[in-house]
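Paired with subunit B in one complex and with subunit C in the other, subunit A is shared by the two complexes that follow.
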Partner chain A sequence: MTIVLFGGALAGAVRASLQPDPFSGAYTLSAWRSVVTDAAFRDAVAFTLVTTVAATVLSVVLALPVAAALRGRAWARTVAALPVLVPHLLVAILAVLWLGPGGLADRLLGGMPLDVVRSRSGVGIVLVYVAKEVPFLALLLLAAWDDDIAAREEAAAVHGAGPVARFRHVVVPGLRGPLTLGTLVVAAFVFGSFEVPLLVGPTQPDTIATYALRVTRIADLSGRADAAAALLVATAGSVLLAVVAGATVRRHRA
Partner chain B sequence: MRETRTSAGWGHLLGVLVVAPLLVLPVRAAADVWRAPALLPHELGTRGFDVLASPGTRVGEAVVTSLLVAVVATCVGMLLAWPAARGLAAVPAGARPALVAVLAMPLLVPQFATGTGLTTWFLRLGLADRAAGLVLAHLVYLLPYAVLILAPAFDDRVRRLEEAARTAGAGTLARLRFVTLPAAARPLTVAALLGFLVSWSQYGTSLAVGGGRLTLPVVLLPFVERDPQVAATLSLVFLVPPLVALGVVAAAWRRSSVRP
Partner chain C sequence: MTGGLVCSRVAVALDGATILRDLDLTVQAGRLTALVGPSGAGKTTLLRALAGLEPLAGGSIVLDGRDLAPIASHQRRLAVVFQEPRLFPNLTVGDNVSFPLRMAGVDRRARRRAAGELLDEVGLVGTADRDPRGLSGGEQQRVALARALAGDPQLLLLDEPLSAVDPNRREGLRHLIAGIQRSRGVTTLYVTHDRAEAAELGDDLALLIEGRIVQHAPPEELFNRPASAVVARFFGASNILTGEVVSGRLRLSGGVTVPVDARDGTRTIAIRPERLALDPYGPLRGRCRTSSFQGTHRRIVVECAGVLLEAHLDGEVTVEPGDQLALSVPRRHVWVLPDAPTPVAVGERSARW
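Our next item is the complex of A and B:
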């Protein structure tokens, strides 16, 4: 069922991208040509890649110490579960109310030290995803951070390994599986980000998904085809990411 | 000892970081007048609710659509995920990762991409602008989660129990009622909750597929710039299902930590 719907969606997108004029029914590559030669699309790809890398790296780096702090604390785990369950859209709204122009932080500090919401640098998008994905990654890591790893940490400590060495040589290798999986999921989320940049991202540059929305809204039949072509680029990026992550996991297992 | 205390401090800090930002929502929702740079609202009132209740905004309709779609998508999702999860559990362990990867693939693809692709078919099938179209589109994201959560429930232990019940003469229905359902109750609850939330939170697919059929997130987004008070009021409505889910998850965790 998933495969039928999902395959259907992909096939529909490919078809739409090749058929800019549904009345004539002719297939052309014109949508692909117009998207690839559009400078705004290339900016969108670059912007999407930068925000994806920044948000993913920051989330992973922060998630490890947060997971360490949460170990063995049931109530803290419950608190950390809340951001995982709250929709991205809501986190973006909170970012606007707190950090936007005239928001609470603006009022408290009497002026923001740097623009977060709608900033061209994309810092707002990165911040929303970090806030949402650090708890997600921390919970994922906690689920795998079991007694076995704890016992090995203890053994390493007995042999004189300091906290940093224990972390590097015992904890990180033990958590490699969930860490890779989590990184992949986070990167894919940010890569496809849509409602978050609509609220806290700049008008220019777009992310790939908001670019697609913008060209769809241009009152012209070719807009749909351009959007489909752009979204297929995003889809290909996500799939490529998954293949790379899968290959990494397999290599480490072998 | 010192390490424990520091990490308790971190835990508290995390709690504050998670809960405090949410507190702005009820304040903003109740603030009829709140001009910058004042830190507290000038006037409290119910203007947010009044705007939402006025017929022009179509908010009530969107909330009903969201609820209906989420409930139907969850029920259909569970019915489809159940046999799929059983099938997945029966697959030899070697082949499972590849199957899981294929199953999880839609989760990695941008929602707006899936929605736009589906729309080209739904327009022909007459499913665009319909709740049924929204349900189908949401299932693309709901099903993978549901199957992945349910699959571990059907391990060898459950199959041995079913086998024993069969040997003891229990029929198909009795086995389902007294053996399989109780054994899978917890993953089934988690899968249903998460499935509901996945559908409830969908924005990209709903915007692409829904057309004139609005859902709560789709009506909510434009209000953020146009009228923050209304946006905050709607956000509180939007927040109810995640909070309920959190309560259920927390209760389940507490129970599992009490057990030996």
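Our next item is the complex of A and C:
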């Protein structure tokens, strides 16, 4: 079913991107040429990569200490699971209402010290994803941070390993599989997602997803083919990350 | 302060429950003390407290003159071999062994050389580059032992290291531990619930019951001269009899008497089941209640003047339930328990009443 739905959509997008010549009806690569040569698209790719890497790295770096702090507490997984259930769209809307111009923080502080929402640096996008993905990754790590790892931490401690060495030599190797998987899943999601950049991202540069939306709005019918080509690039990036994630899971289980 | 381990009035509480209370224990430098006790007595808790894995609620732990209480686990200069090997699966066997050296900042070449020597010592020649997950349970425990020795610890703690090992391999590993401990002279506390293992390995034994050391003495003392009925029962002296001593004989109900070396008065004696022997003229007469072959001996239970006596006979003796039997025990094998159980320090002889 997944293959049919995903494959069907993908085939439709490929067909749409190969915009048929209006006279001969033959498929052409004109949409791909248009997209690849468009400076705005190249900016969108770069901006998407920057926000993806920043959001993913920050989420991973924060998720480890959060998981460490919550470890061993019975209620921890429930607490970590709650933010995961909240849709990204809702968090993005809250970010606009609380952190945007005229928002709650703006009024309380008498002016925001830095632009978060609509910032050209993409800080708003990154913050929303970090808020959403840190609990997700922490939950993933808590599930894997089991008694075996705790037992090996003790073994390391009584053989001379301090807290940092234990973290480096026992915890990180023990969590490497789920951590890598989670990182790739987060990166794949952020790379291809749409609603958060649209709500809290800047007008320029676009992300790949918002670029695709923008080009569909131009009067020229070729915009649809350009959007399909742009989205296929985003899809390719996400699929590549998903394939690597799958390989990681298989290697971790072996 | 002399060397070795000295625990004074140690108390440990877990989740609000007191596990160890006023525990005193001394392990002399270079010797192996076997800590025995039933499940739940607090053996592992004591070991974890010594290792710094559980906080003390009271008392002190001194190792070679250093108070360990304020020192973190990784700085205590001790090593632990746990029930499970707890090897690091992301490291090779050699890197597991040399882990304490890596933590101490020893360079890679020296670590590799030391790991090779230690693996030779524990009988795992040529395994340094192997994945530890590919080793058997016994081999993994040998790696854990080698790792524990790598840091040249002042105190070696072993927490039932043979319990997860295949029974056929236990003896070899037991001999290895004993040999290494003696050749290196490392102060060692060996936790086990196996009395025979404790007796074989320990220079002395400490029996832990409900969070307290109830007797600490050479193995022969605990087996043959227990300080209390609790100690006697734990070490297999299952025949605990109370009666009135008159002129060197303990009189039991039903007129049965047993020869004892004790002053007149109410006394409790302990007799090991293997000390009771079939004897047609023996004073302990009764009917056999159960008889079962145990592999190395035959275990019988005899009802004698309202008291059940357990005896271990030669395995080839045939005794059936219902048989009328007479048993005797030499006077020297009748141990009169002290009036009140008192801890006995290592090296002292238990008082014989």
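Throughout what follows, the second predicted complex is superposed on the first by the 235 of 254 C-alpha atoms of A that agree within 3 Å, B and C clash if a C-alpha of one lies under 4 Å from a C-alpha of the other, contacts with A are read in each partner's own complex, and residues count from 1 in each chain.
The rule is simple: a contact is a pair of C-beta atoms (placed from the backbone, for glycine too) under 8 Å apart; a residue touches a chain by one contact, two chains touch by 3 or more.
Just so you know, these numbers come straight off a predicted model, no measurement behind them.
Superposition of the two structures on subunit A shows subunit C fitting alongside subunit B with no clash. In the superposed model, more residues of subunit A are touched by B than by the other of subunit B and subunit C. Of the two partner chains placed by superposition, only subunit C is touched by A:G160; subunit B is not.
Here the vertex is the CA centre of subunit A, and the angle it makes with the centres of subunit B and subunit C is 80 degrees, a multiple of 10. Once the two complexes are overlaid on the shared chain, A:H169 sits against subunit C while remaining clear of subunit B. When the two complexes are overlaid on their common chain A, residue A:R118 makes contact with neither subunit B nor subunit C. Of the two partner chains, subunit C is the only one that A:A151 touches; subunit B does not reach it. Distance between subunit B and subunit C in the overlay is 8 Å (nearest C-alpha pair, rounded to whole angstrom).
In the superposition on chain A, no subunit A position is in contact with subunit B in one complex as well as with subunit C in the other.
Across the complex, subunit B meets subunit A through its residues 7-8, 10-11, 14-15, 18-19, 21-22, 24-25, 28, 36-39, 80, 84, 101-103, 105-121, 136-137, 139-140, 143-144, 147, 197, 200-201, 203-204, 207, 217, 220-221, 224, 228, 231-232, 235, 238-239, 242, 245-246, 249-250, 253-254, 257. Against subunit B, in their complex, subunit A makes its touches with residues 1-3, 5-6, 8-16, 65-66, 68-71, 73-83, 85-90, 93-94, 96-98, 102, 104, 106-108, 110, 135, 184-185, 188, 191-195, 198-199, 208-209, 212-213, 216, 224, 227-228, 231-232, 234-235, 238-239, 241-242, 246.
Subunit A meets subunit C in the complex at residues 151-152, 154-162, 165, 169-170, 173-174, 176. By the touch rule above, subunit C contacts subunit A in their complex via residues 51-53, 72-76, 78-80, 82, 84, 86-91, 99-100, 103-104, 147-148, 150-151, 157.
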